[in-house]
Each structure stands twice: as C-alpha cells, then as structure tokens.
C-alpha cells in the first residue's frame, strides 16, 4: 500500500492518535530508504530524546547507530524554537542536508511545532518548512497527532495544514469484536487516484505490517464500526431455508 | 452533471476536505474551458508553488505551459495580503484580465484567504472579489477546504460565504464497504432546480470522472452511510419464499 | 401550505441553508402579492446586486422591471450600516413606503445584518425593524441563513431572533435515496395551530412548488432521515405469508 | 396534567423553543386564573407590544381588555433595563401588585432578560425577581426560550436558572411520522412526585390542549423519536403465525 | 443501595439535573441521620430561602423545626461570598460545628459556589471546604447540578471536582416508554467495589425510594435508552415456534 | 495484562474518569513492586492527604506504613506549585530518590498539575518531569482524569501529553445490562504490539482484578455499547429451525 518510494520532494502527512504507531511508521520509512532504496534519511524530533528513539528502533531490529556510522541516517533532536524563524530550517538542517544528502526526512511532529508557535503562524511555519524541503528535493513525512482516539466526526487538523501535503495517511483506532484494532487509510494522494481500502495494520516485532482490507464493516473511520449484520443474517437465513427445503422435500 | 459551461459571471463554490480533488476539479475546469469552449482561464493560488501545479496537471495529461504559451491560461501565484485592500483585485488581476480576457477564474482558496484576513472581514473581502469578477463577466470557481473529513453534522462555512455564490458543489469522503470513496453533490444552483443525486466520482489519470448516482445508501453526506439493509433483506426474503413455494408446491 | 396572504403586519422568518431557495421563495411571495393580491412589495437586500435579482427572477418568468414600472415592486439594495441607527429604517424605507404603500417586504437577510452589527445588538436592531414594519402594517419576510446543511441538532438562531416573528418556516436539505431533496416545515405560527407536515418542495422553472408531505421517514429534520423499514418489511412479510397460506392450502 | 392551581408563591419555568406555544400557555394560565379561580394575573413582557398580546389572545377567544376592565388582569410591557437594579421589581411591579393583588404572574421571558444583563448576573437578577414574587405569595410562570429545536442533547439553561423554580415544564418539538408534533413533559416538581408521561399537546383555537401520553416511541426528548418497531413487528408476526396455524390446521 | 451510614469524613457528590431530587435526597440523608443514626446534621444552602426548605421537608413528613429544637439539625443559609476566603469555612461553620457536633453536612450546592468564585478557583475552594470537613470528621454530601437533562455524552463536572470526593452518585433522567423516569447509579466509591446497577428511583410522599435495577435497557446513562429489542423478539419468536410445532405435530 | 514489570524508565499514562480506580491501580502497582519485585516506590500526590491514601490502601489489605518503615515506599504530598520550576523535580524528589532508590513512581495527577500551570505550559512541565524520571531510570505512572464518564467521542487529553509516555492504559465506564461496569484497554505501548482486548476489570477487596476480555459487544469505548444482537438472534433462529426440522421430519 505504501510502496517504498515517494516522489522526490513529496510531503506526506501521517495523522494518528497516541499509540497509533506514527513513530514506528516513520522510522521504518527511513530505515527502508537507507537499506533498500539508497535514500539517506533524517529524523527531526521536537519530542523525544535520541536515546529513546534508538531504543525503540532496536526493539524492531533496526540498528540506527550503524546506519548513522554508515552515513545513511541522522537524528536531529531540537526545540521548535530554533526552527521558527525565517532561516531556521536552513540554519538547523542546512549542514546535515549538505553532508548526508538525504532524500527522506521525518518531522516529529507538526503537533509539537504547533505548541511553540503563536496561533495563526503554525500553517505559515509548517508551509515554509515543507517548501524548504521540496526545494531541496527531499520527500518529507510530517507526523500529526490527533487528540481524539475515537469519534464520529473526524478532522485532520484545525489549522489547515493538509493543503500543503501531497499525501495524507490516517491511522485510526477501531474497536472490533471488543478489541482495539487499527486501520490505515489514504485520504489524499496528489495526482492520480489511490488505494481506497481501509486496511488493518499491526505493529509487529519487525515494524508496521499492513494487512488485508477490512470487509463487512461500516463506520470504521469513526473508530466504532458496526458489523454489517444483515449479510450474516442473510447467509444464515439462506442456509436455514436450504435445510428447510430439504426437510420439506 | 457539471456541464462544460457556467453562465457568465457565475460564482461556483467547490467545498471539500483535504484529498477530495478540489484542485484537480479546478484545473480540469480551466483546461476544458481553454481547449473545448474557447474560454481562457486564470488560476489564482494563495497556496501552491506554480511548479507543483504544472506537475500535478502533467499527471493528468494537461500541458499547462503550452496553454500558457497559446495565451489561453495563466497562473497567478500570490499572497492574500496583496488582494486584501480596496483595489487589490484590480491591481493584482487587472492586467491579466485585460490581456488574457479570461472567462473562467479559479481562486485557490477562500480558506487560505481567511487565514490572512482579520476575522469578520473574510466575507467582505471575498464578496468584493466575487463582485469584481462578476462585473468583468468572468465565472469564478472558489475553492473551500472543509477541515472535517467525516461527521454527522455538515456545514459549508461558518463565515457565511455561501450566499455570494450561485452554485455550491460539495465533495465528500464516504466510507462504503470499508473503503474511502467519494461523493459529489450540488447543494445550490441559483435559479432553476438541479441534479439532486449524490454521485460517486473518481480521480482517474485523466482527471475527475463523475460516475453513477449512489443508490441504496442512507447518510452519505455524513461520510458514514449505512446500506439500506431492509432492501437487501427483502430481496433475499422474497427469493427464499419463492423457492419455498416451489418446494412446497 | 403557505397561502397567499399573511395577516397585516405579520413577520415571517424563513430559515434555511445555502441553496435552500430562500431568495426564490421571497421573490415569489412578492410577485404573487403584486400580481394576485394587489399587495405591493419591497425587496430589501444587503447581499445581492439588483442585477442579480432581476436575472434570477427572469429565470422563473417573473418580470420585476415591469412590476417596478407599474409601481407594484421595488428593490432596495443597501448596506446594513445605513439601517443600524435609531431612525435608519425610517430614513431608508420611509420614502418608498409612502410612495409604494407596500403590504409586503422582504429582508434579505438577517444573517447579513448580523455581520455588521456588534454582537448583542442584532436582536435589538432586528426587533426595531420588525416593529417599524408592524407599525406600518406591512407584513415582513425575514430571511435567515443556517450555516449547517445537515445535522442531528437543529437551531434556528443563536441570537434569539425567533421570538419576534409570528411565523417560522424552515427549509431543510434532506438526503433521501442518495439524493439531496428538500423539506419545508412550519415551526411556529402565532395564534392558531398550523399544518404540521414536513412537505417536500422543489425549485421548478416557475418557482417554489410545495409538494406532498413526506411519509414513512423518521429524522427528516436532521437531514439524514431513515426509512421506516419495518413498514416495508411488514408489507412484504404479509404478502409473502399470504402466498404461503395459499400455497399450503 | 397542569391543574388549575399552583401553590402560592410557586415558580414555574416553561421552557420551549420558538413556536412551542409558551406565550399561549402563559396567557391561558392567567385567563384561567382570572375567570375560573378568582386569581388575578399580570403579564410582564420584555418582548412584545401589548397590541400583539391582545390580538393573540383574541385569536383564542380570550378578551384581555375586558379582564383588564374588570380589574383581573394587567399587561406590563417594559424594558429589562428597568428591572435590573436592586429595587427594580418593587418600583416596576409594586403599584400593580398593591392594586390588583395578583396571585399569578407571567414573565416573558427570562431569555430576554438575559440579553440585557451582564453575563453572570442573570441568575442573580432572576433569583431576586423570583424571591420578590415568592415573598408576595404570587405564583410566577417564567418563560425560557431554548434556541435548539431538536437535538439529542437537551439542557434547560446554561446559566443555572433551574434551581430557583419549583416546577419545570418542557415543551418540545417532536418529529413523528414526518410531521412536527409537540410534547409536553414535567421535568421537575418540587416536593412530591408528578406525572412522568410525555404528552402530546396541540395549539387549538381555544388554547393549549394537552392530550394523551405518547406511547410506543423512544427518544421523544431528542425531538427525533423512533417508533418501537419490534412491537409492531411482533403484532404482525403473531397475527401472521395465527393465520398460518389455522391454515395448517 | 445508599445505606444509612457513610464513613466518617467521607465526601459524597450527588450530581443530577434540575428536578432530579438532589435536595430531597440530601434532606432525607440528614433526617435519617438525626432520627435513626444519632448523627446530627447541617444543611448549608447558597440557593434557597430557609422557609422553602422547611416547606419542602414538610411535604415529605419531615419536621425540620422540631429536629432543630432538639438540637439535631440546623440550616445555614449563606452567600458563597462569605465562604470564599481562607478562614471562611471556619468563620461560617465553626460555631455551629462546636455546638451541634454534626456528623453529616450537606452543601447545596457546589454549582452555586462556582458562580461566585473566579474561574479556576472553584476546585481550590471546594477542596478547602471538603478538607475542612474531613478534618472535623464530618461526612459531607455535596450537590452538583448538571445543566444537561439528557445527552449521549455525560460528564460530572468540567472543573475537576470529582477527585476530591469518596463517592459519586449520579441521578439521571431517562426516557422510557415515553415517560421521564429516573435512574440512580454509583459512579465512584473509594476503596471497595460497589453496587453497579442503575436503579430506578422515585420521589414519593415519604422521600426518595430506590427501586429495582433496570433490566433490558441499553444506554440508560444517555437518558435516551433503547429496549434490548432482540430479547423480546426472541421470546416472541420462541413462543410462536412452540405453537407452530404443536400445530404441526 | 499489566505484568509486574515495566521497562526501566518507561512512562505509563493511566487515563480514566472519576471512580475508575486509577488511584487503586497506582497503589497496587507500587505495592506489588515493593513486595514482589524488589522495586521501591514513591507516590507523589497533588490531590489527597496522606491519611486518605493510607486508609484507602488499608481497605485493600495494603500496609503502606509498614512498607514505609521497611524503606520500600514513600508518599510525597505536595503542591504542584513547588514542582513547577526548572529545578522543582530535583528539589522536591532528589533526596527521596537518593535515599529510597525507587524504580517506580506514581504521579497523582497530571490533571491536577494542569490546574496550577499556565495554559500551554502543562505539556512542557509534564515533559520535564517525565524526562527527569527517565534520566533516573525510574518508571513512572502518570494518572490523568477524563472529565467525561461516557460519550461517543473519546480523547485522552487536549494538551497533547500522550506523546511523552510509552504506554497508555485507558479505564472506561461501560453500561452493560443496565449496570455500570468497567473496561480496561491498552491504547499505546511503545515498541512491540500489545494485548488489544478490552477487558473487564473489577475493584475487589484485594485491589484491581483484570478479568476476561469482553465479547459480543460493539462500542465499548463509547461507554454505551450495544450487544451484537444478530449473533444471539442467529443462535436462536438456528435452534428454532432445528426443532422445526425435527418436528416436520
């Protein structure tokens, strides 16, 4: 579903609630780039300590330090303060970009950026960052944390960030059979049409694994889907009436 | 459904969430005008870099640069700042209008305009722009981004922009059979009545393709429709009872 | 449902979302008054250019200019600024009222008035206007734009305007059989009781046509009604069991 | 359901949306008091012109002017400004109370009072008024306008007025069989328990007529009730199976 | 369900909408304490006049004046102003506590307190009061008025008062069979687990009577429950098929 | 489900409404650590008096004072004021950490911290605290109180605290068979995937007991689940038709 390569300079927003695996998806994207597609990657975080990220990655079998030593990967752990001025992106990322020549960059996260930027400027600052990366032909993956876990009304962002990205991937918690499962959908992909299925995904010991599309559910995006009961009933009914026919006949 | 020509000076609002294909629809409208109806077009964007627009269009097989060279099309990439003063529209668009004599203009987007205009002035500024274009007998297509992807309550805009347009087209994400599909509906068309169907549309490699109306669903506008189960059940039931009758008889 | 004549001095609020045909209903009310009931009419608009109104009316076969020449109709296109002071209504409307002696007046719209009046004064200003017209024994039709298209919670106005009108007509979009249809209901009629049906209406080439009441739907006012499935099922079931009885017998 | 007499000094809140017949109910309460229970009444209005009230009452066959001449009834039409100060109620109502010795008073409405009182003071002012009337042993009926017509969440007031009244009557619009009907319920009655049924009521040419309780509906308070379908289905099913039994037997 | 004695120093919050019987429950708690458990009680009210409370109690057969004369009960009718300062509780309640040595105290109500306390201080002031009473080993019953009557989303308080109480009792209006009935539930009881049933209760002429738990309903807490229809249907179906079997056999 | 040991330095958020047993779960976590895993524990509370905590624990058979005397446990009862400055955590917790060498710490609660911290700083302060504990290799359990008891939309926090924790446990009230029962789910566990079941839990006299996963319910997270009726119906239907077959045969 999410194939290895995005177009150069494309910006992808990954929106999900706490625990949806945004960080895992982002690391996997960079590790795959570095190890399978010869695309170096940079992970910019406003949120986590680098140690945490190394440790998380290890849990999935990803050796970030080795990638770092091989010059294929770098973590930039910074405060959003430093990024929020006209030349902030250049000052903060310029050297790394010149040295590593990355093709992939993760920004973790726009929601954190939003906390440090005066209301109304988030969009401007985020836009400047995206444009800076586009100009460098670096594809960016921008993480966005939805505060809402489940709910019948779903919005990506109330600060209007979605126009600036080429692709929007949503990660949703869905309650199915009294368990909290996970659905991944693509809400936007600039240009051609895309896979419309809402697919189950799991966070395995090797990273995110995207599974089969869901079937027979309505309302997955609300997090509170209902089994399409009639289908089941119809099946059951048909089989019962078959037996009846036989019994009568 | 959306036939080639709007009335001269008509203003059409196209409202949709991120990923609904508003930009594609808008470009298609201008390309069709320029190539099929001898109506030159202008694309005013507050949001995207021109390069992005050319690249997007190419993906659909639309050669905007050629149209530009033929004097049939132009992109104006500007900041909303410039437009927001009494003569802003004239200063910004006047020359282009005199040279290109466009009959179609796209404004991408009113939602972006809203970010730069003090609260309470959006409507006034947008109205002035629409009236300016009406006076020039240019039909305008105004894009509006709904932050909400799905939700049982649907509003076009909370700044009261809808009165000023002649037509409102809504583009909605709808979850059907565990997939994110798309519905297009016309909510307003000044004057005579219009097609009331909610139709499925797809973003193909040739642009937006409007398909058949949906049937057998309730609640499409909420994005979370339910199959009208009884219908199916009734069909099934009838067929079962037919068999039964035969079996008995 | 909405018979030709209102009581003298009555105030009617017509509330509906964008595209619900409020303007059409209002023009029709004035045209009918002027041509069938010998009641002259005035259309006060804060929103549209007169040209647009003439053109819209022509689309329905209504020749407003002729009515104007016959002294039966007038459009007053003004800014709400002018109306919002103690003698504003008198200054703005006084001459026209003395000359035309209208019995019907449309105000398009209270929602627009609201944009220009400091919060908290809307009600006062609107009340003064309604009382001014009542004192002149002119029945008024006040248009109100609901921002919400569909939604399970429905309010007329959050500025408490409804107490001041004698009648409230609501125009609602309703999604039925995957189409956007229209329902008209009377929520208030001062004094005696009134038609309680929610009726379908259409905007035809001759104006608004109010059709039969809806039947077999629940939740019309939410815009997202459900077919009362059991009824259908019951019918079907009965007919099936009839056949069965016959088959067995 | 609402018997003729309230306890002396009781305060009753009548809460309903526009068009629910609050004013009619209030007038009827006063007219009944004056003509059937020898309880004089005063109608305090912040909202309507007296003429409108006389006219409305006439429509129901109530001759308020005669009651006025007989010293049994009085309308006080005032601005809330006058009432909002420490001795406002005394100054405004004192003379009338001494002359007419009313046992019933209607205040139309607390919602209007709210418009003129600084936020946070409404409760205090309303409380002072209620206490003033209680001290005079006058039962009061306080009208409250809910902005919401229908909606799954129902609150009486967000300014905490309900604690101060002894009885709360709610008037709700309910959509039943595609018509807008009306339900009356008692939400509070200080002291003993009360009729819990939600009853249909109608506004007839003789005033409010409270009818039978609703049956077989769920969700009346939301305004969007659902027929308890299973009941019907069960009935139908039973009758069908009876026939079948006969047919087989 | 609510047995006679709470632990010494326990704080109980009773949350309910207007008309839910909070005051009745509170008076009953004090009267029971004074007459059955030798626990004197104090009723602190910010809301009602003492006369009203005596009268209400009389309606249930409770003679508060006699209890007062016997030194078992006292009403303190005060303004929240007096309580809101560091030693307010001591100054206001100290003498009474020393004289009456109460073991039970009712505070009617925290919602009223909230009106007089600057936003953000409610929690602090309420906490100070609760701690003051805990230190005196007086169990407190704190009344809280929910503005919402019914609604699918239910919160106790948005000012975070619930952490400070040991027990939370909720009183909810529930619409069942087209009547407004009442449900009582315990949402919190510090320490051991508690009765989880939602029970019907009634306000009788002798006070609150807690009845049997509800059964066969879903969604009671929303106030808009649905009968678990399938159960009924299943019963009916079974009985029908029994008859059929007999008929056939 | 929640096994004895968390990873060193892990931060766990426990989110639940009033009465969900957050404090019990937290105490149990510390008691288990001290008695079964040789991990000393500290309970930091902004909310309760230590006496209350000792008493609560006793109710579950936990002798906190003995643990304290054995140097395995400590309560720190403080005001959030003291913690909210750059070195607050060090000053407040430093000595205790050096003496007790705790591996587990409970913070009761982040919601309380939020009340004393200027809006916008909560996240920063909470983050600093979590990082301080991580640096000391102390696993932290952070309690968060959801104001909402039930509701179809569920969010953990609107101040974006969830990114900073490794694990999020949610405790939800669920209305099942007209009782208020309890569900525990894990919404996030950094690194590998986790138990996705929503499990029933009870507060017994020995502490929290996590029971079997729920089955046959949809919508548990909303607090207002629905039995998956069709299942039951299908079972019943099948069994009926079996009997029928036998009867006929």
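Letters A, B, C, D, E and F mark the chains as written, and numbering starts fresh at 1 in each.
Everything that follows uses one rule, which is that a contact is a pair of C-beta atoms (placed from the backbone, for glycine too) under 8 Å apart; a residue touches a chain by one contact, two chains touch by 3 or more.
Computed from a predicted structure; not experimentally measured.
Asker: Common contacts of chain C and chain F?
Answerer: none
Asker: Walk from chain A over to chain C along touching chains and report the minimum step count.
Answerer: Steps on the shortest route: 2.
Asker: Please tell me whether the contact surfaces of chain D and chain E are same or different in residue numbering, using the over-half criterion.
Answerer: different
Asker: Please compute the C-alpha centroid of chain C, do the same for chain D, then give the distance between them in whole Å.
Answerer: 27
Asker: So how far apart, in whole Å, are chain A and chain E when each is placed at the average of its C-alpha atoms?
Answerer: Each chain's C-alpha centroid was found; their separation is 47 Å.
Asker: Quick check: what residues of chain B touch more than one other chain, meaning two or more?
Answerer: In chain B, residues 152-153, 229, 233, 237, 244, 248 touch at least two other chains, as defined above.
Asker: If every chain is a node and each touching pair gets an edge, what shape is that graph: line, ring, star, complete or other?
Answerer: Shape of the chain contacts: a ring, since each chain touches exactly two and the loop closes.
Asker: Inside the complex, what are the residues of chain B that reach chain A?
Answerer: 17-20, 47, 49, 52, 56, 59-60, 109, 111-112, 115, 145, 147-153, 173, 175, 177-181, 202-205, 223-227, 229, 232-233, 236-237, 240, 243-244, 247-248
Asker: Within their complex, state which residues of chain D touch chain E.
Answerer: Listed in rising order, the residues are 120, 123, 131, 134, 152-158, 160, 162-165, 168, 170, 185-193, 196-198, 213-222, 228-230, 233-234, 237-238, 241, 244-245, 248-249.
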